[in-house]
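For clarity, chains are labelled A, B, C, D, E, F, G and H in written order, and residue numbers in each chain start from 1.
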Amino acid sequence: MPSSGTERELLLTGIGGQGVQLAAQLVARAAVIDHREVMLFGSYGGMMRGGNTDATVVVAEGPILAPPTVPFAWASIVMHHDYWSFVKERLRPGSLLLVNTTVFRGEIPRDGLHVFDIPATDIAVDAGNIMTASVVMVGALSALTGLVSLDALLEAVPQSLPPYRTKHIELNQAALRAGFGSVARDALPAWDGARC
Amino acid sequence: MTSQLMEGSGAIAEAMIAAGCRFFAGYPMTPFTEVLEHMAKRLPVVGGACVNAESELEAIGMAWGAAATGTRAATGSTGQGLSLMQESIAEAAMAHLPLVILNMARAQGDYFQATRGGGHGDYRTPVLAPMDVAEATQLAQLAFHIADTWRNPVVFFGDYYLAHTYQSVDIQPIDFGPVPAKDWALDGSSSGSGRAKLVSPLGDTKQRDNVGYDLSDYYMRAAAKTTAMIEGLDRLVDIGHCDDADLVVVAFGTAGKYVRYAVDQLRAEGHRVGYVRPISLFPFPDAALRDAATGAKLVAVYENNQGQMIDDVRLSLEGAVPVRFIGGLSLDSSGFGIAPDFDVEVLRRRIDAVLTDLGGTP
Amino acid sequence: MLTRGHVVIDTEACKGCDLCIDACPPKVLVMTTHTVNARGYRYPLLAPGCTGCKACSQICPDFVFQVYKLAVPVDVSLDELSETGESR
Amino acid sequence: MSGLRVKRVEGLRVLSTREAPADARLVDDFTPSLIDVGAHHLCPGCGEPIAMRSVLEIIEELGVINRAIGIFGIGCYTGFSNNLDCEVLQALHGRAPSLATGVKRAKPDTVVFTIQGDGDMVNEGLQEVIHTAARGERVTCIMLNNGVFGETGGHITATTVLGQRTKNTLEGRDGREHGYPIRLSNMLADLEGVAFVGRCAVNSAGNVARTRKMIQRAFEAQLNDEGFSFVEILTMCPTGWFIETQEAPEYLTDKLAATHTLGVVKDIAAR
Amino acid sequence: MTSQLMEGSGAIAEAMIAAGCRFFAGYPMTPFTEVLEHMAKRLPVVGGACVNAESELEAIGMAWGAAATGTRAATGSTGQGLSLMQESIAEAAMAHLPLVILNMARAQGDYFQATRGGGHGDYRTPVLAPMDVAEATQLAQLAFHIADTWRNPVVFFGDYYLAHTYQSVDIQPIDFGPVPAKDWALDGSSSGSGRAKLVSPLGDTKQRDNVGYDLSDYYMRAAAKTTAMIEGLDRLVDIGHCDDADLVVVAFGTAGKYVRYAVDQLRAEGHRVGYVRPISLFPFPDAALRDAATGAKLVAVYENNQGQMIDDVRLSLEGAVPVRFIGGLSLDSSGFGIAPDFDVEVLRRRIDAVLTDLGGTP
Amino acid sequence: MSGLRVKRVEGLRVLSTREAPADARLVDDFTPSLIDVGAHHLCPGCGEPIAMRSVLEIIEELGVINRAIGIFGIGCYTGFSNNLDCEVLQALHGRAPSLATGVKRAKPDTVVFTIQGDGDMVNEGLQEVIHTAARGERVTCIMLNNGVFGETGGHITATTVLGQRTKNTLEGRDGREHGYPIRLSNMLADLEGVAFVGRCAVNSAGNVARTRKMIQRAFEAQLNDEGFSFVEILTMCPTGWFIETQEAPEYLTDKLAATHTLGVVKDIAAR
Amino acid sequence: MLTRGHVVIDTEACKGCDLCIDACPPKVLVMTTHTVNARGYRYPLLAPGCTGCKACSQICPDFVFQVYKLAVPVDVSLDELSETGESR
Amino acid sequence: MPSSGTERELLLTGIGGQGVQLAAQLVARAAVIDHREVMLFGSYGGMMRGGNTDATVVVAEGPILAPPTVPFAWASIVMHHDYWSFVKERLRPGSLLLVNTTVFRGEIPRDGLHVFDIPATDIAVDAGNIMTASVVMVGALSALTGLVSLDALLEAVPQSLPPYRTKHIELNQAALRAGFGSVARDALPAWDGARC
């Protein structure tokens, strides 16, 4: 029986056009750069715009035991109020919740959760592109928790974009930095010690 | 090589290439499509060939032809496409062709087809069912080793989650030891030698003194070979927490990963529950399951279908331990994904219910 | 503009593909530039001069148009009209 | 008196298109009456619903509604079969012509048509349609040819034109490596038993009109017991062609139709 | 009508016609060929249609189309041809099509394919296996009744002997009682009515308010229907001499006829041996077998394959009585006939050997 | 000195044919060297062994013996595959062209040919050969066309000519009821990717000679990397035609060849 | 008859199909009428005049013929020959 | 459990061209005419002439329990020495054996068997056609045993010949009569009583 180290589950949810899948890819690739094990499962509502899109990322110190869709998440990034109920029921007491306050409408239960209000879409617009809102969130997550390092995230950007999108590299790196700078550092460290 | 983030389908493709697969043919069908795309991109680069076949029947025919030359070859599909290939799979087994067939299934309803052989006759195909991308990269390689060792088609039984999950993997060629020389393989060189080779489901020797094929002799030998294969193959299984378990839960593939995860949690909470995850679905790890279940009050079977592997579980136990079905068909509406039921919480509830029936530890 | 026809547009059904724009012979359909429907798609607007030829409805993949022939052709010039104006 | 109201949108003064002028005559409704629900999951700019609309309109116009059965293949259009007010028999990928044969032989009074994609008809089920045509079955087969597997995300089919980039011919279709496109209409036209073959497109209003004519002639061939009839309709697939929706009509003309040329290929009545 | 001498294949064809079958399509393959020939000659005479399909895939497609119009329709083949039809059989079950499929098998190696479904997914098909021409003429008719009752494909499992044995038969239409009205059948008349019908493996209702198909709902309902069918079907079986038997021999189809004959002889000689001959292979007569075997020391399974039905025997008994395999693959060299082992003497020797092991009565 | 001895048989005085004259030169042996065993189970007067002989002789003459692989379909000729001293890959009914594709792509240096019947190729596996031809695979497909399923005892195939009586068209093939024959060679010739197509017959010594020429050209097309090549050989099937062996050659000319006309159908080198 | 060739006939392999008879250009092959081989088939006999043209061997489905060209053509007239006679 | 009346198993063996399958058909159809149950299973060696050909016919008073190929025969007709070993091992003490002495070469074990030597081929030639030798035998069997009646056999002839062979009807009927007349009547009755 493999007994793994800590596994950190991250859920991302939003609607099409917010860059959720790219954000998830960035986290996953950054985790590899940080020499961690990682698993990512994404799903999105097909061809029509405005559909839901979500992703599960698990980062761990050893082989990952968690299945592709996890029952409970250590942290979550919520970009839009649609479809957030799926995330809600998977949060545990103590889970981390990053909310895109620019867009989110509705009540957020704050008892027992570590909630961070982040005006991600605003920050993204300021950083140059509204489409990078989710990437902003990932930058913030990195600052808050060190789940993945900022350096790794920055390095992951070119790997995660298709060849014909290389012109977007700097835009996304800027968004990461903007998000990273928008919150306190190490508020809730993901890992014991400091491997990265 | 260091770890790389790869989508499951890409990882399977790379593992096949690492295993020396140099021919692939396929026809798109979700979630098999991405394996084909990856092979179409990568095989030419490593000196192999990938053909975008015009149908599944043609795909497996092409793979059959390539395999007959001794080239490590694979094909595959999903659901309907796999069904179309059944004639060829059955007869490729009779022709002793080492061929790897990916069934990137949409649910687990193809268990019978894979393990009993959906085609005609008495052939059997070894079946390997990984629980995740990491295991898949190993089993995809093992499949070629088994195929070459036994000159028999091997089914790799994956699913939508496996195909579409990204994972950090480090794909290295695995050395499973030597395989028999392919002295039967065709390249034309034995033509005109007086001992020209023959690869056929009807026989394997030219009848120099006689006319036609001696089918009965050949079929009997093929059957004997199949029996030897079944006896010779390792029966792979992953067993956990069974030593003092009241309840043993059996599940395979992605479902097995969910069950493992749920059982780990329940154990951590003190419940006397274990799991058995068959990795080779055929031959089935019957003895290991029976061992693991000895002492248990109940064996529960979770599969994402209406009850198929449960037959093998019952055949393994032959009444020694009662068996209960806790799975069931469950599909998301797109028809692509597997199951809303693939949810650790749903599973926990089902297992909890069984535990309560058993008298509720802890 | 002499206007012989008119179209009713189910803007919420539109997927913003632009096919109708090119198909309209008198080029009286124009795409919104800033406004989108609930699913985020731009959709066509009608300028005067429609002939009721059905080209738009025949080519629209999303069945957005209903086409009418006016009983009597009218000469509509937008500039002459009040915001809520009836034609002549 | 026509009541056209003006409103202002995005700075433009345009006509209100919410409702019809009082005294106007409806000449084309949102959907033909054989479409229950217009909404569908197909992509923006897809040519398939346009083609399907034409088919259903002709069935209505010919007055054969209550003996029409449509047999659908598997492709993007499949989901749309659920929206029709026409009896639908769903086939497996590639098999529709054989089902059509069974239906027509069992119930010769029905009007039977298939709707299939190029992948369905020229890849998976090529021999089904050829055999059905050679048998001269009194059915009408309609192929929606976009030169790709739309449904799976844009892969090469047996009709994909040379040079076209698809998901599994990343450098474009190369004849030496990936083979040459099959021009199915031409192939079928050579068969005895075939009464009518036409190739058309839905990339312009004019072409839609020609498409309707061919569909009409094809059904007439069936109704007149002349033999097998076939209409190949070139349809836009911006998603599978990896281009913008606006570019698709021209791409169709320049690429698809350059190989799969438009026009009546065979008409035994025209002899 | 009085008795007539008919070849088995002709008798099966006539029985289908007596049952109201009015559409047939097939592709020649021994020993299915003669059924096709007979249908091609006779169906037009009785106002039906027979199409000489260009392949098995097309044959079953045509039968599918005809069945969708409510016409009693059948097709069939042998071995390879049946394998090619697996995709369609699986999906015809999902589309709730009443369709009769003849498997005129070359041996008994297609047992798994027929009973587990060689196709993908969770469908099942009832399977009827007659022992001789007389029984075949009844079961061929019953097959249509079951198909219409449950809107499901039914497999008629015959063989070479059945096809090629002449027997004096008196074929009369059998009244199995009413079947549900075919209000789902297509004829075009509901088109344009606002309630146009749909026959599809993806769903059975037009989604007037919604877009696309709700696959998950439909699949769950299909699964429930299959379960109801399995529970609702009679499990047919022929049992003899089992009351005080030490040994019970299980065999089906033509093999069952040989076993019956041998067991009758052994009984006459005083041996305590009985037989169970499953007639419906699916659903399997498990309870009846278990009853019949209660008190026996051993259950022996004779089948002309490497061991397939034995799984169902073991699943029926679940360890209550030990099970031994006394069958095996056996083919004549033409590949058409079934088995040199289909010999009462060979069988008697095998059964005698088991009896001796058991302590040798009488 | 030639030693021809006379003997008396049935009242005739004829030459002894037990042995060769001492000083004569062998110009044609019983079987080509690539046939191990001449004896076979095919019927008296069957045309298939004649065609097969020609194929093997050409392979020998071209000097490509030790890279030749024959891929056999399922039909009467299948049993004969066992008699050859040529590597044989046995395919399932209809599937040989795909196997050929796999072999050739995996081992491009081999010389690959299929032997298939009309039932195998134009019925069960029609789309296999069309797709393979359209892909321009560098293989040579050879069809033995006798217009029936010989193996099953004389049933209609997709090439059976109109009017022909078969076991399942007892009154003769009727176009309206049973469809019209497919002329495969003509169909294939229209495909890009196809280098050579010829139709010939083995019903006379002259036709056998022409058959050999076409086979040779077809293999040359493969060797020269010109594309797909195809030879359709009309063969006698007295058993499946329900006629005497002596009548078969004429029946072939009058019936089969009247629909499936002999000659080179396409040769890109001849352009 | 000027005879330039000769054939060896494996009469036991013959299936009596008559194809060679029609194929032989100088018509020097004749079928037995009463004699059959072990499998019950009639088989061909050779009269003088063979040219060694290989027509028979090329068309025979059962590989019954071996064809020879004589080193020197001979004029064989059966009437002139003794039963065991050598040709001149 | 159906318990049948007497079942009479007849084996016929010979080589191609002797009319064995037709003879078997005649017996089977005659049995139906005689209102008996019957089963016939024939096999022949395919396309080539001179191959073996054999048939099993079971005639019974009730439903037939015997399988298509029987372990033991009540009677047999042996037309040729080739392939007769198959028959030999299926004869019981008391079985009836009709041998075509015109053609048969070899030893016939006579102990325990009721052997009748019948020059069937000679009789057939005399009756008009060498091909009807097996039919002659069937006529003889009818006379010896009444397994099927001569009248029924005569009636069965037209039913058993394909349409294009009607000219052979009288030939075969003559052969039946010749065979019938060549042996003693009722030497070994097949049935108790005399239903026919």
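The rule we apply is simple: contacts are C-beta pairs under 8 Å (C-beta built on N, C-alpha and C of every residue); 3 or more make two chains touch, one makes a residue touch a chain.
For reference, the UniProt names are A, B, C, D, E, F, G, H = Unannotated protein.
Keep in mind that this is a model prediction, so the values were computed, not measured.
**Q** In how few steps can one go from subunit B (Unannotated protein) to subunit E (Unannotated protein) if every step must land on a touching chain?
**A** The fewest touching-chain steps linking subunit B (Unannotated protein) to subunit E (Unannotated protein) number 1.
**Q** Any chance you could check whether B-D or D-E wins on number of contacting C-beta pairs?
**A** D-E
**Q** Looking at CA centres, what chain is most distant from subunit B (Unannotated protein)?
**A** Centre of mass proxy via C-alpha means gives G as farthest from subunit B (Unannotated protein).
**Q** Averaged over CA atoms, how far is the centre of subunit D (Unannotated protein) from the centre of subunit F (Unannotated protein)? Could you give it in whole Å?
**A** 40
**Q** From the C-alpha centre of subunit A (Unannotated protein) to that of subunit H (Unannotated protein), how far is it in Å?
**A** The answer is 88 Å.
**Q** If you average the CA atoms of subunit A (Unannotated protein) and of subunit F (Unannotated protein), how far apart do the two points sit, in angstrom?
**A** One centre to the other, that is 66 Å.
**Q** Counting only Cα atoms for the centres, state how far subunit C (Unannotated protein) is from subunit H (Unannotated protein) in Å.
**A** Their C-alpha centroids are separated by 91 Å.
**Q** Using the touch definition from the top, which residues of subunit E (Unannotated protein) touch two or more other chains?
**A** 54-55, 80, 87, 91, 213, 334
**Q** Where does subunit H (Unannotated protein) touch two or more other chains at once, residue-wise?
**A** 46, 48 - these are the residues of subunit H (Unannotated protein) that touch more than one other chain.
**Q** Quick check on subunit D (Unannotated protein): which residues sit in contact with 2+ other chains?
**A** Touching at least two other chains: 39-43, 92, 123, 126-127, 131, 158, 178.
**Q** Residue numbers of subunit D (Unannotated protein) touching subunit E (Unannotated protein) in their complex, please.
**A** Those in contact with subunit E (Unannotated protein) are residues 33-34, 36-37, 39-41, 59-60, 65-69, 71, 78-79, 81-92, 95, 97-107, 109-111, 127-128, 131.
**Q** Can you check the complex and tell me which residues of subunit H (Unannotated protein) touch subunit E (Unannotated protein)?
**A** Going by the criterion above, the answer is residues 1, 25, 28-29, 31-32, 35-43, 46, 63-71.
**Q** Where on subunit B (Unannotated protein) does subunit F (Unannotated protein) make contact in their complex?
**A** The touching residues are 22-23, 25, 49, 51, 53-55, 57-69, 71, 73, 87-88, 91, 95, 186-194, 196-203, 206-213.
**Q** Show which residues of subunit D (Unannotated protein) lie in contact with subunit F (Unannotated protein) when the two form their complex.
**A** So the residues of subunit D (Unannotated protein) touching subunit F (Unannotated protein) come out as 123, 125-127, 130-131, 134-137, 158, 175-176, 178-183, 186-187, 190-193.
**Q** List the residues on subunit C (Unannotated protein) that touch subunit D (Unannotated protein) in their complex, please.
**A** The touching residues are 3, 5-11, 13, 15-19, 21-23, 25, 30, 32-35, 41, 45-48, 50, 52-72, 74, 76, 78-79, 81-87.
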